[in-house]
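Below are two complexes that have chain A in common, paired first with chain B and then with chain C.
On to the complex of A and B.
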């Protein structure tokens, strides 16, 4: 990833991409749009580039736009027919059918109540219909999906969620050195954590929230200080 | 319109509630504060007189005071008007209904009304130019920019600071002609105050008898009940607002009241200090680059923080708090020196009735040990109503005009 990147504003024409596009195909990621022959930014933020030909804008956002295949954390809002209504932070409320859980049948329904948190995958996401979630993979196994009990849950920006999930992000590994914990990160900017004790969970969630502003270099420092806090 | 508004708020899931309740049980808070510890308060004054942004942690409230000539009401022909307008429009996760008709916006509105209008903190008679004809109408616009809990305190501090910061132009009325002077012709005049009220908010949970001061939004949403107390700098109660489901006993409320009174006093001192500093800067004529919102939000604009300004005094305050906590443990009906001081304090004539109750000997103010206090019905109550009833008997016995 190219770190030295320019900040672009919505509506700005980005000629650098256009030039690359003359030679080869380019892939425009989130925040970039093609208008006829020009490439225009639709969001504000640093322009990112991944070799050879992928561009996107890493913008600051809290509103989640569902995309197929995303892993999200949702809050059960209620029941409607044979569906649960789930809030995933998108414009529309999502739904998950009773049968989308492992070993669920018409008679054997999952026991979920309003206020519960589930970890689910987005099955359907389109502009015109409500997003649909599932808690099983194509083999009917739940894997890590499903109800998340206990622990602590908080909301953050979409950036932080993506940052933690990035392959080369050292944050989670660094935290693992300090304490044992479980974590579920939704790309919809929601994180669920659970450590051995209340204090640890608290410290962990605060540490994760401070990572937002930190660069890769500072991550180690923050994680180290977390260890100090816990030992004190 | 978004269908799932209100869901961006923390504290709406079982997990969060359970977690906060557990933390409360161990007297721990997520941001590492103690139960009686408040967040830092920062005040930024705008280029205009009467514009202020107050930040209480992440909660940000802007208050803007403006004035206008108008006619008085027929019932009070020689008094100016004070109007308060609150909008939650800046809070992005609330929808239009929540912004205007939600419980919290109504509570905030009524709290501000009671703290500043009903308690008559601004001397409205001084705003009269010509009786029955011309009076000043003072308008306070309160804009909530960000909501991270405890809007009440942030708003009251902002309104108080804005009112204290505000200057109105001088006006004369001769031979049926109204003349307004510009700033160059005559100095602008600050408002006259009878007292300076500020509120303090507490959250109460079933799992812990200790009240938690200055809650964040998560704590507020998970709380079983919320108590808001407004005190003025003379440590007189101006507003009491209690709501929720926990049966709160009188002792808890008194404990809150005592520490709130101290906190309010410190807060008013802080606002005064901040105003002095701002005035000094104005006299020095340090030019501000920006005006309006930008000036308030810009990084260059000077933030006046409670912690730095009140460093020396906070130590005192803590000592006092310790003292009052000791008293709670003993729970003896001993008159506190603090409250006697405010008896001696020269208080203006037209103070509201409930304040007279507080000017009495503190022994009447504390709950009596033997008497089993009835659980107070925590529906919204008028300012200090139950107290007034209880103290009625004592009132006559007390030598009031000491």
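On to the complex of A and C.
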């Protein structure tokens, strides 16, 4: 991935993408936009490319912008009619209907209170309407979504969330070798963890936060010493 | 970050040394401490965030800009500076990317030792870049004076501005070097104005290089690797 090292600045025209676009369709991710027949950057950072045709600009952003299908952690803020208002860290407060929980009916409402944490999927995300969440999949089953009881909740950068969520992340495997735990990671930069004891939970959250400054390649090295962080 | 306590005299046609530190503040979406010589400011951005209904716009985001002086409350002078920064940002910000939202910029002056207008603008640009806010282009501002001997002094220190005949602040965009802001004070000839403008324009290239190098350093702390789908946790 040699294109990874090129830093682009806002307003820069990216001809390498235009070249590819002549032959096939390309997908422009965050930080790139089409201006007439040119591709222009709108953020600063390294240009990334994923085969075959996806491009985006990597940026250590802290503000979450909802996208359909994202898994997020949200905090219940209150009730409004037949909706719960949920804070997912985006510009607008998200909403989740009572009926978007497993086995919920008009009579049998889920019991959620302000301050509760839920793991949900973004159903609708558009610039013009507030995001809508669901806690069931298309078969009406909750899977791993829903209320997260007990445990410990903390915020991190969006990057750390994505880093942990990628396939076979070595960090989580390294932690599994040390102790048993439950974890829920949102791409909105929020993490919930639960281990057998309070002490273990705190150690776990500290261990995860040490990864914050790490790169993908450094992670392997750090993972070996994560056990030490847990002991501390 | 080491802030130079005493600054050496820099050549008249050179910018003072620039330094910056990214994300010194933890609770905002992007922040930068930026210093140019002994002039230091901190800028912080938030956005896109929820907007008050009275400021809501359906075809673009609302831009809020606050400038805080080193001590006391903002007065007329600070309001003018704030308005200048907002005017430039409105030109550079890609506001249609996030309609019905607000972009908020806070600038805190820490030390004013000359060229504070240019310094505030440059720090605002860096904060926007680091916060990941959508921009049409980046921009750089340069301050220059004509002293009483008729010499052009680029990016002067405060003690050099005591005997100034005219002072200029220019802001340029990164694409075609278009002028985004002109502030002038004092008496000068059109020919002098043109000289100063071309002097500032060539200095702005150095600032753009500074932006790029610092952004590159910031990203290289974490070496690149292949990123996979963000959404692979099975439910």
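Observations
We take it that the second predicted complex is superposed on the first by the 217 of 232 C-alpha atoms of A that agree within 3 Å, B and C clash if a C-alpha of one lies under 4 Å from a C-alpha of the other, contacts with A are read in each partner's own complex, and residues count from 1 in each chain.
Throughout what follows, a contact is a pair of C-beta atoms (placed from the backbone, for glycine too) under 8 Å apart; a residue touches a chain by one contact, two chains touch by 3 or more.
Predicted model only: the values in this text are computed from it and were never measured.
Contacts of A:117 after superposition on the shared chain: chain B is touched, whereas chain C is not. In the superposition on chain A, A:109 contacts neither chain B nor chain C. Legend: residue contacts after superposition of the two complexes on their common chain; A:152 is shown touching chain B, with no touch to chain C. Of the two partner chains placed by the overlay, chain B and chain C both lie in contact with A:91. With both structures placed on the common chain, the touch criterion links A:79 to neither chain B nor chain C. In the superposition on chain A, the chain among chain B and chain C reaching more residues of chain A is C. When the shared chain is aligned, chain B comes close enough to touch A:192, but chain C does not. Contacts of A:205 after superposition on the shared chain: chain B is touched, whereas chain C is not. By the document's definition of touching, of the two partners only chain C reaches A:61; chain B does not. Looking at the shared chain after the overlay, A:9 reaches chain C, while chain B stays out of its contact range. In the three-chain superposition model, chain A touches both chain B and chain C at residues 62, 91-93. Those residues of chain B that touch chain A in the shared complex are 2-4, 7-8, 10, 12-19, 22-23, 26, 28, 30-32. The part of chain C that touches chain A in the complex is made up of residues 28-30, 46-50, 58, 92, 94, 97-102, 129-138, 173-175, 208, 211-212, 215-216, 218-219, 221-235.
Residues of chain A that touch chain C in their complex: 1, 4-5, 7, 9-11, 31, 33, 42-46, 48, 50, 58-63, 65, 69-71, 91-93, 121, 127-128, 137, 143-145, 162, 165-167, 185, 187, 213-218. Interface residues of chain A, counted against chain B in their complex, comprise 62, 75, 77, 87, 89, 91-93, 113, 115-117, 148-155, 192, 198-199, 201-202, 205-206.
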